[in-house]
Structures are given as C-alpha cells and as structure tokens.
C-alpha cells in the first residue's frame, strides 16, 4: 500500500529548501535579474550555517550567518549583473562553481578532512505544536524553518499581489526604463531583490545543514538549486505557481519512493527516480499557453543618470 | 516668469555632442515647441530637464531656482512631468496601476487598487480625459495609451508637461483631441513643451518654437512670426518638398496585389471582417484609418506572418496562403515593416548584414551555402552611397544609426531587386522632414518605375499627397475608397470614424 | 596588424581575469598555511611539467572542447543548453552500442560510424527540448535540466537491464571493438589521443559554420532578433531546431570521444560533468569556437595541474574549483577589469608628465 | 578463488631521509564518503604512521581519470598504489602492467593474474544477513527499513542478504527497502529514513554512503524505540545512542595488514574474497554494551552469534539477487 501520509510528511520537508530557493529566485527574476546561481547560494548558505553554529554553539546564529552568506554571494552577483551590466548567466555560473569549491575547501581547512563537518547544534523541533491533537506530533517534528518557509511563501505571494513594492518589482522586471521615469531607483530595487534571493537561498541551505541535518556535507545541495530554478519557470513566474511547482517536485519524489516501497510493477528504482522529471516535461508539453518570464529578465539596465 | 530653463546645457555621449550649450527659457503657461531633425538632440535635452540624464555641463532652472536633478523623482517633485516618445507603460498592468505607479495608493503594506481606480476616475473627470482605469494597457489603443501617459503626469500634479513626439502614433481625430487637451491644460496655468516633426502641428499649437540642429540651438522664435518653410530651413538648412517628386503616367495594367474577403479572428475577436483591396502596378494605394482598426493585423496577413486567416490574398498572381515568407519575397515582394527596430532590423548586426537580411542566401551574396563577403560588401557600399545612408562604416552595428538612416537601410534592402509589389507600413513614422522627403521621393519614383505599392499610414496628409487611390479601414472592414481625383479630406475623415457618407469604390 | 591588436584587446580581459583569480586563489592558499608560489609552481608542473603531464592536459580538453562548442551554438540562438551532460551520456550510450554491435568494419569507417551515432544520440536527446521550445516556447533551461535527470536514469536502466556485460560489481557494457577506439598519437611518453584533432577540427568547422555560412548567419539573426528574422523570411523554428540539434550532437560527440578515447566501455553511473563544464567554457569564450579551444585548455590545465598541487604541496584541489568560479566572475564583471586597466593607463600617463 | 602468494622484497632506494610513498587514489565518491574510501583512508593513516610511510592522495573526479591519477602518483614516487571501488578493475590492470615493479592494493575491484596486484573483495551479503537476522530478533514491529544507495549488484547483494537474514528470524516480518538514488545527499537519506520509521519500521539499516548520516539523524528524531543500523566501520560515533549494530567491512584492517606485510618486504598478489570467516566483513555492536543489552537479551545475542557461526561454516545459502531471494520463500 502506498502511504499517503508518508507522501505528505515527506513532501513537506523536502519542499522546504526548494521553496526558499525558488521564491528567492522568483524575486530576483521578477526584478529582471536571472539567477541560475541559486545552487551555489544554497550550498554556501548551508556551509555558513554550519560555521556559525560550530563556532558559537547556537543554531540561530548559524541560520543568521547562512542568510548573510547567501546574501553576500548574491551581492557579488548583483554587482556584476547590475552595476557592471555583465552577462548574468556567466556570473551565476561563476557563483556556483566558486561556492562549490570554496565550501569544500573551507570544510577541509576547518576539520582537516573531506566529506562532512562535525555535528553542530541544529535547530530544535517546534514543540509548541506538540499538544495539538492527532497531528501535533507530526507538526512538532518539523523544524521551525519549515514554518518559516511557509511564512515566506505567503509573504512573497502577498508581496506581489497586494503591496506597492511588489508592483514596483514587477515594473522593474518588465521595463526598467518605465520604472526609472517614475522615479523608482531601478538599481537599488534590483540590488535588494537579488540580495533577498541570496538570503532566501541561504535559508534553504541553512535548512539542509541546520534544520534537516546537524552538519555540513560537501555538495549537500545536490542539484536543488537547479530544481528550484525549474520550479520558477514551471510556476510561470507567479508566486502561487512557483509554490505549487515546488510541491509538485517534492510530492512526485515522495511518490516515486513510495512506489519503490510497493515494488511498483517491479520497475527499477532507477526508472522510478526519473518520474518527477518526466512528469514535469509532460506538464510543460501539454499545458496551454506560453510561459513567458518578465520581459526584461536577464537584460542589464544601464542607468542613464550618471 | 519662466517655468523651466535650460542654461547652457551640454550633454556628451563619448565624443558625440548630443546637446551643445543649449539655453532655452520656457515661459509659464505657454506651449513651447522644440523642433529639429532626427538626432538633433531634442529627446536628450528633454531627458536632461526631466532628470533622466545628468548634463555634462550647464544647469536646469525650475521656477526661477537652480536645481540639481539626480533622478526623475526630483523632477517629479518639482512639478515636471514627461510623456516619452516611446510610451513608458507596463503592458500587463492596468491603466490605474500604471498611473499611480511610484505613488501608489494605500499603505506600503497594501496597495489599495480600488482607491487607485477611484482617484483615476476623478482625475479623468477633472481633465475630461476618459479612460477605463481597469483595462490592461495591452488591450487599449495607442491613443488611449497616450492619454494614460498624460494622466500619469497629471496625477503627479505636474505643472510643466513635456511631450516627446506625442502625435507620431495618433490618428488625426486623436491629434485634434490631444491639442484640445493641451490647450485646456495651458488654460489651467500649466506649461507644455512639445516635440513634433509635423510643422503644421507646431504652428497650430505652440506659442514659441526652439529649433535644434546637430546638438546646437539654432534659435527660438515666436510661432506667429514664422512660416513653415522658414522653419524647415532652420531645421535642415534647406527647403523641402513633401509629397514626392514628379508623378509620371503609369500603365496600371497588371494586378500585383489582391485581397479577397480577408477575415481574421483571434481569441474570438473579429479583427478583420472581409477586406477587399487591389493594387496594380504603377500605383500607390493607401490604407487610411485610425490606429487599431485592423491595419496591423492586415499587414501581418499580407506579409505572411499570420496564416490563420480566411479569404484569399494573391500577390503577383500567386496565392500566398501556403507560401513561406521566403517564398513570398522570392515572388517579387518587398516589405517595409511598421517597427523598424523590432521588425525590420537586427540591431546588433552590422549594416552590411542588415542590408542583405532575407536575401543573404541568394546569389551573389551566397555561393553554395557560403556567404560571399566581397559581394555583400560591394552591394552595401553601393547602397550606402545611393541611399545616402550615414554610417560610420558598413561594419558598424545598425543600432548606432539614427532612425532615419535605419529606415533607409530597410528601404534599400526591400527594394533592391525592384520588386513588383511593395508593402510600406508607416514608412515615415518618427522621421524628420528631411528624411520624410527622401522616403516620399523614393516611393513615388518606385511607382513611376511601375512598381505597385501598398502604403499603410496614419498620416492622412502623406496618403493624400502620395496615393493614387485610398482605402479607408474601420473596424476591420473597408469603410470606403476614393481615387486621387476625388480625394476629399472631410469624407475620408468621416469614413475613418465609421461615419457613412464616403463614395464606395 | 589590426587583427593582432583586436586579438590582444579581446584576450586582455580573460587574461587579467585569470590573473586576478590566481590572486584570490593565493589568498585562500595562504589561509591554509601553504606557500601560493609553490602551489602554483606545482600546478603548472602538473599540467605541463613532463610530456606525460602535457598529454594528460591535452587529452582532458577533448571532451571539454566538444561540450563548450555545444553550449556555444545553442547560445548563439539564445537558448541556454544546460542539458549537455544528459546529451553527452546519451551520446556515449549510442556510441557504445555502435562500437559493440556494428562489427566487421575497418577502423576508419567504424570510428566515423560510431562518432556519427554518438552525434545522433546526443541530438536526439536535444530534440525534446527543441520541440518544446518551438511548439510551446518552453524555456530550454528547465527542459534540459529535466532531460539530464531522465538521461541518467534511462541509460542506467538500459545498461543494467539489457546490456550488462559482466557479473562484477562494476556494471558496464561490453568493451567497444578495437576498431572503434580512437588511436593515440605517441612519441615516447607524449601520448595524445586523436580525439584532440577531431575536437579542434570541430571547433574550426563550427567557427566557419557560424561565421561564414548561410545557416550560421541565420542562427545568429534568429538569436539576435527572432521577429525581424522571421519577417525577413528566416525560419525561426528551423533555426532553433538546427542549433539545438547540433548542440546536442556536439555534446553527444563529447561522450562518444570520451568513450572511444579513454575508457572504451560505458559504465553505469557515467556522468563525468563535462556537460556542465561546457557552460563556463563557452561563456568564457563568448561563444567563439576558436577561443573555446583555449578556454577548454585552461580548464583542463587547472584540473590536471591541481592534482599535483594537492599531492606535492598539499593544497586541496577544491581550491581550483573555487578559482574557476572566480575567473568566471571576473570575466562577467569585465567592467572592473576595464576600470583597472584605465586606472593603470591613467597612472602611466601621470607618470609620464 | 585465492592465488598462490608470491613474495618479493622491497627494492626501494633506501636513502635515509626519503620515506616510502604510499599513493591512494579514491574513487569518485572521494574522501568523506562514509564508505570504503574513508575506511581505506583510516587504515592507511594507521599504517603510514606506524611504518613511517608518506601518504599521497588523489581524489578522483571521474572514472576516466583513474589510470592517469595512478600514473601521477607513481611518477611522484609512490611505491604502492591503493585503490578502492569496483570501477578500478580495468585501470589497475592497465597501470600495473605499465609499472611491473610497483605494487597495487585494490579493494572491491577484481584484478586477476597480475603479480604486482593484490585484490580484495568482500562478501557484503554475509554481514548483511547476520545484521538482518539481528534486526529480526529485536524488532518489535516486525518491520525493518533499508536505505540503499544507487542500484548496483553490490547493493542488491547486501539488500537481499539483509532481507533473507531478517526473514530467517522473523518469517512474518517485512523489510522495506528504498534506493536513495545517490550516495551523497544526506537530506534525502534523512527523509527516506523518516518515512520508513513512520511506516512502522523500528530498525532502519543503511548502506548508502553519506546518506547514512541522514538516516542516523532521522533515528534521533523518530524518538524512542526507533533505531538505526550502520555500515562502513561501524559509524557508532555518528550517533552513539541510536546505532545499535552495523554491517562492517573491515577494509581498514585489510589495508593495514597488507601494508604491514609490505613493510616486512612481503606482498601477496591475487584475489582474496573475504567474508565473515576471513574477517573481511562482520556484524559489530555498539561499544556501549549497556545500550545493546537493553535492547537485545543475552539470548538474542547468542542466537545471532549462532547464525553468524553458521554463515562462517557455510551452512547458509545467502541469496545475492532478488530472484534468489524470492526462490527462497
């Protein structure tokens, strides 16, 4: 029997890093700066989280450091993409390569070994939910970052649906020239969005090293950044769509594992593992309409007033 | 009292002096026109006044005070508003959202769209400029968008309004309306600066005129004291004659174009509703009409990029339905698209590449699949010379050319092999009089040469002076048709608005 | 003369970027208490120090050139092909089938056939993203990422289920026939795989294709302005399709030459990462096929040399990964380099006065 | 089968200063894989310290690099090359032929018939079987979980061994096995294990490289009565309270012993296949005897020992493939 409960429980926790990362990616892309460097920002966040927790013994400090780390990395991307008007795909590729190498190197410097760090203090579970009947135990077992990711998801949805800022970000991503003529500081807004995207990706990393685990493992982002990017596109650059897409990937991943449990038609686990990706391709192939991103996404905007 | 003054403004782009020591003082409560050729530096100067560009030297004075504009925000705060030559609107947002953008209603945490709609409605009421605040920009006409732009400025409480070529995309009736609005604004004490290439408009609307040439101020004159030809002389240093060169008698015997009952709908909307048009060799046939009445869609159909139409389009005796665009071009057709930058050129390609775009695969430009650069360059040099295209070199990207010169590249290319039939869509949009003169002469010469030309234009004057026959398009239908002998501005104007009364051809 | 000047101008930024990234790397090395000069000396010794080292470096660049070219041609048409890895694996799979099951051909013919099949399999794997892009305007980034995962699964499944050659724990297909192996060009310890010649030829052919032919012209036009191109009678769909198929095919060739040149048999779990390396390699070269030969070499120098740096100086080779990232960041930020160059110029001018 | 052991004496230039260099080429998992690379590394560290060798390591990025990496180390003066992982077979034979006077210790990959190569294989399924039997005896729920890495014959052997062992002591029980599809995604390991615990497993065995770390973390979060079973060298330090027993593969010892032999100037070439009997694999209990005692009675431990002995004596036919396992029931 396939356990629906298992699918739900698992898909929630695996969606979390994707949520953080893809919502970050969404914000950045909405403002007109593509960010295929999310993968690098996740791993960097995971590493910084571990470092913070290791040296202070406080997971909360770790999480904050992860956000700072992701944000700083994003700042580099922002500088190159916005101020220098550099090619964004190139910069992002550099970011990803750099952080993969840097975190591995840092790990070796810190612990004189490869692979994984020592265990560090991680975030406690959310005990306040423990006493809720029936589902209390399940809820309580999740890391607070799980709930934070839901809050962020809601926040991003709200941002774009209801706030002036959201509309301005949309404007900057659609046509920065328009924004500038309205007195909106294009560069500043883009900087903010890119850095926020790094901060969120860093949080996604912190979830990996301090929420889900209590250590840093080399390459522990394991392609989640690319999946997050895919979720942004699959979700058609709409907050709701992006959130659904994250769950789409996590649910289908949980489902393929459950299919292994029931030995689905004796299919090889290797084949089952491809299910989420095949389904994603099918969705893209059979969905109606075209999926267009923000009109000025990826195009550098050279400020006129200088 | 001056509303706004440019004091010795210089703006250099690298070595290019787009503005060179320009001093213009604009009196409060007047309409001040700025004229000049393409690339004379008009937009640049306006952008300086609006805080988009920082001047290389000189200063801006607003209401008597020297100001430093760090961004449009500063200008807006000082009561300056600008409607840009290319509309500054976000297509997938609503009218109301566009208008309040940057000064949103509600709180930072809540964008009160209802309030925005209400405010916009009030604003519309106040200035008698009607728009639907809930419509998306992409769904409204260009004229409407123009109005939204003006409302945007008014919403910000401007008292100095800069309009950069506001009439380039408007239909005559819309232009009349715009001018009424301008007069109304001035009567409420506002100051308007307007840029336009159409000298009759300048003379009609403005109080004073400043003329720029090659980045320098030639002079500022009272409108009452100049004539159109004097103005032209100031602008380009000579007189021009629009309407094309001498028209020869042509045979007009072969039918090069026939549209039979062409219908097109998209998303359930009927865009073309049975259009019938013919063009014969040796004539220029115009399509007049207010923007948004199906002209763009008709162009898409007959130029081959829209295939899902009903009816028949025959070009040079061939039904184009099953033809690719390439086959259509091989069938002796030239096409000058509406939007030269987006549709006509590959801006990042060098001029020589652009001059052979679409013919690059044919001999002599290509030999057994390889490009023949020698021939391409030879061809390019010749055309650059023949068409007087001003380029630094034929290897320079097309993006570095002025609008008029970009248009010449397209003209040269599309007519290089003397096609029997040419579609010319808005060929003079945004061009200065000098360039327009060139295009007009060119079109008439082609006609004299026995080519058939279908000219789509919003400029009624242009159509009247160039065409042998004019069809009027309204709501996707041909509302009427006139021959040169019978041309009557009034009737055509009525047909454009859908009022019956035109003679049917 | 002008061309030389232009070339110098073109490579100034990359060279300075490399220089700066070595500075950043040096800082990191100092952190680990090692001497950066020694470390870099070891890096270059490892990459060039002996005929064996040099041949290793050159051989390593073969697949990188192919994947770099793959990314480059798709990028000319404004699609970012992140799926090089999946196409490479699928291409290697095809090549392996052809290398094993097509028998009795003379070596030259067999090699050509196997290469062709590798190309075709890679192209097939790019076909789905191409169709999705043409028909549904689906961003190639997402479709190629998905196709990567699917490729790994499908090939692994095929090997395990139908083509498993041995009972050992290392699941592989049969060794391809000797006639399908790419020969080595050898002078004593200097051993160059003939795949290098193929890669360089591919780069030159692609350069000519993109810059001198009608198709290249069209691919560029579509990449720069699809609307104008279409209106001028250049078929958008056809060119997107062609560029993505060639891209996939080149990635497939990367897999095929790797298979035929180095291991000789395809194993389960083969995904060497060259497909991903192709992205920075192509971007670094600004898509110029000839320059890609050199950026590939740079990457293989770093990869190969870093091993010696690790074994003889004890500086972890992970630092080289970080440095690759930094080089690319500097390239992307050309602006900084320009600023620096200008500052230097100014200073020089000042000194002269 | 085993080969005759040929002996040879060290021929290195024994200048007083220069240490003998041992070269270690890891497989693509690299150091920190929580599996055989780490195990070999630990044995190497012990041996190099004791015998005053110098250790040089190359972490491979691709399988295609193996041969070149070995050559690089040999050119840098390595006398012995140590490698771990099945994919090394081809490259070791190739390089060993090029360097007939150097020695090669190959673990998990089968290289036959070369005088300068010793290759050590393991019967993972034996340890897995005994561990499964142990889990069957102590499980309250009758459900055990098993987290595997990437589909491969080795993984299949171990899974099937574990299942057979579990069913031998718990015929009505059930083992749920899931492939993570990766060896280095700790997060995924954790999620899979959490699912398994949630589905009723009270013991989750893991054999999935770095994913193991995630499984151990999941055991803690699953709370009381939920335990993990480790691998590699025992991994008890990774979660001392939750890992009760492990299926261990003592490559570290094998490495150490081989190098100890080498230090005496001896070298045994040929293939050695090591099961429990040969000390190559085994079940290992958490060093905290009290913890183990609180879970497994004396009786249980004796029973496990009995089964272990039967395995050693070759009395049990352990299935290696799914078909063999199914044929058993």
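Lettered A, B, C and D in written order, each chain numbered from 1.
Everything that follows uses one rule, which is that a contact is a pair of C-beta atoms (placed from the backbone, for glycine too) under 8 Å apart; a residue touches a chain by one contact, two chains touch by 3 or more.
Since this is a predicted model, take the numbers as computed values, not measurements.
S.K.: Determine the set of chains touching subunit B that also touch subunit D.
M.R.: In this structure, the chains that contact subunit D and also subunit B are A, C.
S.K.: Of all the other chains, whose mean CA position lies farthest from subunit D?
M.R.: Most remote chain from subunit D, centroid-wise, comes out as B.
S.K.: How many Å are there between the centre of subunit A and the centre of subunit D, using C-alpha atoms for each centre?
M.R.: Measuring from centre to centre gives 35 Å for this pair.
S.K.: Could you tell me the distance, in whole angstrom, between the mean C-alpha positions of subunit A and subunit B?
M.R.: 45
S.K.: With centres defined as the mean C-alpha position, give me the subunit B-subunit C separation in Å.
M.R.: Centres of subunit B and subunit C (C-alpha means) sit 46 Å apart.
S.K.: Which subunit A residues touch at least two other chains?
M.R.: Within subunit A, the residues that touch at least two other chains are 268, 270, 273.
S.K.: Quick one: which residues in subunit B touch 2 or more of the other chains?
M.R.: Nothing qualifies.
S.K.: Would you mind listing the residues of subunit D that make contact with two or more other chains?
M.R.: Residues 59, 150-151 of subunit D each touch two or more of the other chains.
S.K.: Please list each pair of chains that are touching.
M.R.: A-B, A-C, A-D, B-C, C-D
S.K.: Once bound in the complex, which stretches of subunit C touch subunit B?
M.R.: Listed in rising order, the residues of subunit C that touch subunit B are 212-215, 217-218, 220-221, 224-225, 227-235.
S.K.: Which residues of subunit A touch subunit D in their complex?
M.R.: 3, 5-6, 9-10, 13-14, 17, 113-116, 125, 141, 208, 212-215, 217-220, 222, 254, 257-258, 260-261, 268-270, 273
S.K.: Give every residue of subunit A touching subunit B within the complex, in rising order.
M.R.: 162-168, 170-171, 174-175, 177-185, 295, 304-306
S.K.: Which residues of subunit C touch subunit D once you look at their complex with the stated criterion?
M.R.: Those residues of subunit C that touch subunit D are 46, 50, 52-53, 56, 156, 160, 167-171, 258, 262-263, 265, 267-270, 272-273, 303-304, 307-308, 310-312, 317.
S.K.: Please give the residue numbers of subunit B that touch subunit C in the complex, ascending.
M.R.: 303, 305, 324-326, 328-329, 335, 337, 342-349, 353, 357-358, 360-361, 366, 369-371
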